[in-house]
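Letters A, B, C and D name the chains as they come in the text, with residue numbers starting at 1 for each one.
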Amino acid sequence: MDLADCYLKVRKRTEEICSPLQTEDYVVQPVVDVSPPKWHIGHVTWFFETFILKPYFMGYQEYNPDYNYVFNSYYETVGNRVIRTDRGNLSRPTVAEIYRYREYVDEAMASFLCEAPSAEVKELLILGFNHEEQHQELLYTDIKYILGHNPLFPAYSKEYLSPKIEPVESDGFIKLNEGIYEVGFNGSGFCFDNELSRHKVYLNAFEISPNLVTNAEYLEFINGGGYHDFRHWHAEGWDWVKTNKAEAPLYWHLIDEEWHHYTYHGLEQLILKEPVCHISYFEAYAYAAWKGLRLPTEFEWEAAAPLFSWGKAWEWTESSYLPYPGFSKAPGAIGEYNGKFMVNQKVLRGASEVTTPGHSRVTYRNFFQTNLRWQFTGIRLAK
Amino acid sequence: MDLADCYLKVRKRTEEICSPLQTEDYVVQPVVDVSPPKWHIGHVTWFFETFILKPYFMGYQEYNPDYNYVFNSYYETVGNRVIRTDRGNLSRPTVAEIYRYREYVDEAMASFLCEAPSAEVKELLILGFNHEEQHQELLYTDIKYILGHNPLFPAYSKEYLSPKIEPVESDGFIKLNEGIYEVGFNGSGFCFDNELSRHKVYLNAFEISPNLVTNAEYLEFINGGGYHDFRHWHAEGWDWVKTNKAEAPLYWHLIDEEWHHYTYHGLEQLILKEPVCHISYFEAYAYAAWKGLRLPTEFEWEAAAPLFSWGKAWEWTESSYLPYPGFSKAPGAIGEYNGKFMVNQKVLRGASEVTTPGHSRVTYRNFFQTNLRWQFTGIRLAK
Amino acid sequence: MDLADCYLKVRKRTEEICSPLQTEDYVVQPVVDVSPPKWHIGHVTWFFETFILKPYFMGYQEYNPDYNYVFNSYYETVGNRVIRTDRGNLSRPTVAEIYRYREYVDEAMASFLCEAPSAEVKELLILGFNHEEQHQELLYTDIKYILGHNPLFPAYSKEYLSPKIEPVESDGFIKLNEGIYEVGFNGSGFCFDNELSRHKVYLNAFEISPNLVTNAEYLEFINGGGYHDFRHWHAEGWDWVKTNKAEAPLYWHLIDEEWHHYTYHGLEQLILKEPVCHISYFEAYAYAAWKGLRLPTEFEWEAAAPLFSWGKAWEWTESSYLPYPGFSKAPGAIGEYNGKFMVNQKVLRGASEVTTPGHSRVTYRNFFQTNLRWQFTGIRLAK
Amino acid sequence: MDLADCYLKVRKRTEEICSPLQTEDYVVQPVVDVSPPKWHIGHVTWFFETFILKPYFMGYQEYNPDYNYVFNSYYETVGNRVIRTDRGNLSRPTVAEIYRYREYVDEAMASFLCEAPSAEVKELLILGFNHEEQHQELLYTDIKYILGHNPLFPAYSKEYLSPKIEPVESDGFIKLNEGIYEVGFNGSGFCFDNELSRHKVYLNAFEISPNLVTNAEYLEFINGGGYHDFRHWHAEGWDWVKTNKAEAPLYWHLIDEEWHHYTYHGLEQLILKEPVCHISYFEAYAYAAWKGLRLPTEFEWEAAAPLFSWGKAWEWTESSYLPYPGFSKAPGAIGEYNGKFMVNQKVLRGASEVTTPGHSRVTYRNFFQTNLRWQFTGIRLAK
């Protein structure tokens, strides 16, 4: 598939994700971490316009200079922007206007891609595809939050298909020996700068579970008083529990003494054998502590990943999100992509059911703050 | 005009106010005091459904029990409700769904009003009309806030006509003598419970301006350093200035050293001879103090009102919003209408350019907190 | 008694109030409204130094210029000052140093008062006495808060004598006729600027209770679910109840199912026939509403005061704290004394058991925000 | 030295640190991280009483059960406690009472230590010594904060001697080869549980500076606009700069265009060749980024530590505070010592000028949140 086709394919998928939405669903921002879907579709468009069309496409006419202010996410290099908490306060540009903007940029990109791009542009293009794929996942998680926190609990789409992953039968842990392992990306395709460079780490012998923790197992923790016993929690996690009156994963509702959860189909009964999902790092840690076990480090995970299947929920690791040896930020706005977030966040490995297929890989480093739950986040145990 | 016609007329005006809106404009809540327009059109509908159709229209089928939760404003009697700050987080029900709800209730009301209603219902109906008229004004002020705080500064409607009021030529003050005056409603038409009952007050001799303070006059205060001299302000007002970095009325923008303000037509140059508008009580008080004058009390205003014209901006008075002698709350939800707000608010008298014609009157008592500016609020001086 | 003797008497009383304190009790500020006792004794001293010695005593040597920063309360005219919430963060100057400062200023005042002061100075002196008397009451209430919120509940002094006021036997209300009454100060002694000038008000016929509401009566409100029924409360008061989980007056503790309260003698059993005290305006209003009655206005109170006894608790009135007709602030720092607080506060009339004897009078206007409870505040009913 | 002598020595040093204080200095808590000195001296005493005397000294009579509530720091196992932000609101127990408590416990400990303690008790005793030594450092840093944030800038003690450390002449970096290194404690003396167990890590080749960054070097960063260029900062660090209006390290003051800093002797001119101190992790990281370098990891630091001198300022590392392989919390209250803080904090290595001599060691892991500056924290660069 050539780059123009890749471009079209990526862009089309974004629109497909949004196709079940009502106009109003595009607009709201019920919590700071969630962005309005219309902001996402404008922002990913602005990314191609700002980093490819404006600098590299001679004669390109910027669609609307104000959009730079509206759709810049966090690039200080590119200038001022709507403060994050205000994204949901903007009724304009309208959804239709943003789709027109999208069309305009897509047409310009089509013209631009008629000729083979330089290596430099190609690299930016592929970054743009991966960037849009990240926002595809955010669209899914943000839409779930928007509809799942509406008192009417509307379905996103009854046709949404949740992927099935069969658990491994044996529940014995996988054992790996002590020794030097290599981690980090060294393939030939695309990777983010935070996966580079491949380097050696020393791991002690460890064991890791072939399966994710299930809803059934997590319910034992809840029913065993896990949310009411400080001993399982970090001090900061225990504060989080009390401040948020946390009693169960996000989206769980106890209705007539039966646990339900909000899904893309609306409120449904909890399926016990599925992996527990939408938990914070604090909860993942507390669950593991309650079991007398622990979370794997990101390097243990990477070393063992060929030995288990992964992919329906991102997996919290014990590792903080830090630069690999030799990491350095690219100059300019693109350099703001990863490095500046490398503090006070935890690495997640794997992929979730709403990660764009093919987007993740064994060396991929996702990262979030320890209190967040709106992503599809689960638990794999180690010891 | 019979009640059914009145009903239609009131309802139609609400829809006309909303007709220039895009769907997205109906959804957002950029600040807690502003409600999404779709919430307003649902709430005024819910008012007729809850207080008239459900208790008095035999066989009426409630449209959707969940709407009680969504569209209740502050009636504790009626049950739980979406917390105020969450109104802008709800993408559902959609605008189209709310208009369907509106149609459903309008049809039921039409049937219900085929027969002459009882005196009790008639009273509730007229309260419902006045209630919807109040929300018509809120629709105007909330729409102004929503569009006027958008970085694109979109116009509401180029056809919007701002009423013109010619200032009185003389700027001499109107003098009234010391003595007993009667205040409060004693007419035969509708009034709110907070205007009752008519009673005597003793006023010292006072003088009151026939005109409102203009933008030109207020600019002298700004240019004279009024926002930087604590002596003109209440201690609480001075805190407000510093916390909010207030430098000018709401909607004012200094562009290339010329003052502009956001209007329903978009950003426009300030018209100097128009009344200053969108100021807090703190600013009204500070302006008067800077002039060596003061604001009138609500009783001075009422006594003098027949001697001047009023109506393009609500006028802050020095009076706190308190019950009149003999005031008592009605039992039940309707009793929550006014009385429970009678603390820490100031009375405003008059009417604004977006008050529904005929809605206000000389005894009308509007009220807001001292820091608010999104209503059309201005200054009349007294001494 | 001449002015020098008055000065000594006022100053001595301040020191007597503090005599039971430990050094540590002088230092802390457990809540923003409470000031550390050492701040009070420095501030009242600074008042005499700043407004009398520095401008009027030729050759007076300022004790320490930094104290201007430390002991200024809210006089913007006088310059910068420690922000209010930081008063309890200052370990220096020490208590001993502040007493040395006090001695230094007292000696200078003694010299200064050897000669008869001018009329202008005399007026400031008497303001200074009244100012220090106000801080004497604040010392009592702040000490009560500091010790009463300590987990050890230490007594202030076992010798503290609470004044007894015998209730009037009859519980019939006192009736006053409709008509014009005069309110405000017109005596020959001292009064604050907010009591001036005497003027006419028109009152409707009203009735007022000869006694304050007792603990026994207030307990009926508590036991009757008063804190759990929104209908008795202002909307803002109901928010206050829920936010603060209010269930009883300040200082009340339910221990083994018996109500106790913290007093200057430590924790003691509640005396049922005493006036209820340490309640907010919100609670006073709600109690009255629950009884189907109301609070008097400050003018009703003043008109009726000669007919009842008052003085063990300040009495919340329904009146907002507003300027009297013709009120104007004095120029300079002294003008900041009262006027700038005339917004969003309620007037209290009477006096409390810790008001300096002779300090209050029938026209005296005390004022606090509607949520505050650390003053000795009670309820008199009207209808 | 036997255990009884060790006990006396540790306890005596705490009292010596406090000897220059005024009573008032013991009481205040100007910011949540700082505890009142009287709380520290009570808390370390409570530690011996709670974990040694009460469980192991037969017949021991608890001094005052309320002290358990007052002096518990964060041990959930031991029960409720004064919330942290309230420590500075407690005037009682007084300083004298706390010293009496201290004497009482010291006497009991003397009796208890007449007989040789069991191995289990001995371990707790040594933990108690190390615990008190940690609070000795906190006493120093908290006293500095209390006096250094007082507008009078009082000296702690003119006799305080700041240790001198001569910088290494050469400014070439120390080079270490790639390979496996061992880290963690394996000596025979005391260590904290977070230093265990010794284990292998793989390090890439790296270079590390023999000296800490000096005030002169850090001034270049300030003068070069380092606090005004987002590119050097983490996103969260940049927010911190803007929210706190950070322009220089804590305790620095620009007076008449010369940099001064608060020291234990009062305000003094900055000494340019001394290590920069009292900076947050965010600042350490930004400085390194501005130089095109980075901070060392805690393992690089430990591997290289024998090759440089350390000890006048704690050194921020790039490493997050995480458990070592095989780490597990002790059961009971003692298990709350370290493990529950292993999230969202950074490791600091070395020691500071106020660390009790002999307390730190090459494997010692100190830890603080990334925004804190009141500890003596500095920068060592790596590449």
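Everything that follows uses one rule, which is that contacts are C-beta pairs under 8 Å (C-beta built on N, C-alpha and C of every residue); 3 or more make two chains touch, one makes a residue touch a chain.
The structure presented is a predicted model; accordingly, all values stated were derived computationally and were not measured.
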Chains touching both subunit A and subunit B, listed by label
none
Using C-alpha centres only, name the chain that sits farthest from subunit C.
A
Averaged-CA centre spacing for the pair subunit C and subunit A, given as whole angstrom:
57
Centroid distance [mean C-alpha coordinates] between subunit C and subunit B, Å:
37
So, what's the distance in Å between the C-alpha centres of subunit D and subunit C?
45
Among all residues of subunit B, those touching at least two other chains are none
Quick one: which chain pairs are touching?
A-B, A-D, B-C, C-D
Per the touch rule, the subunit C residues reaching subunit D in their complex are 22-30, 38, 66, 69-70, 82, 86, 88-95, 146-147, 149-152, 154
Residue set of subunit D touching subunit A in the complex reads 74, 76-77, 180, 199-202, 204, 206, 230-231, 233-238, 281-282, 285, 294, 318-320, 322-323, 325-326, 335, 340-344, 370
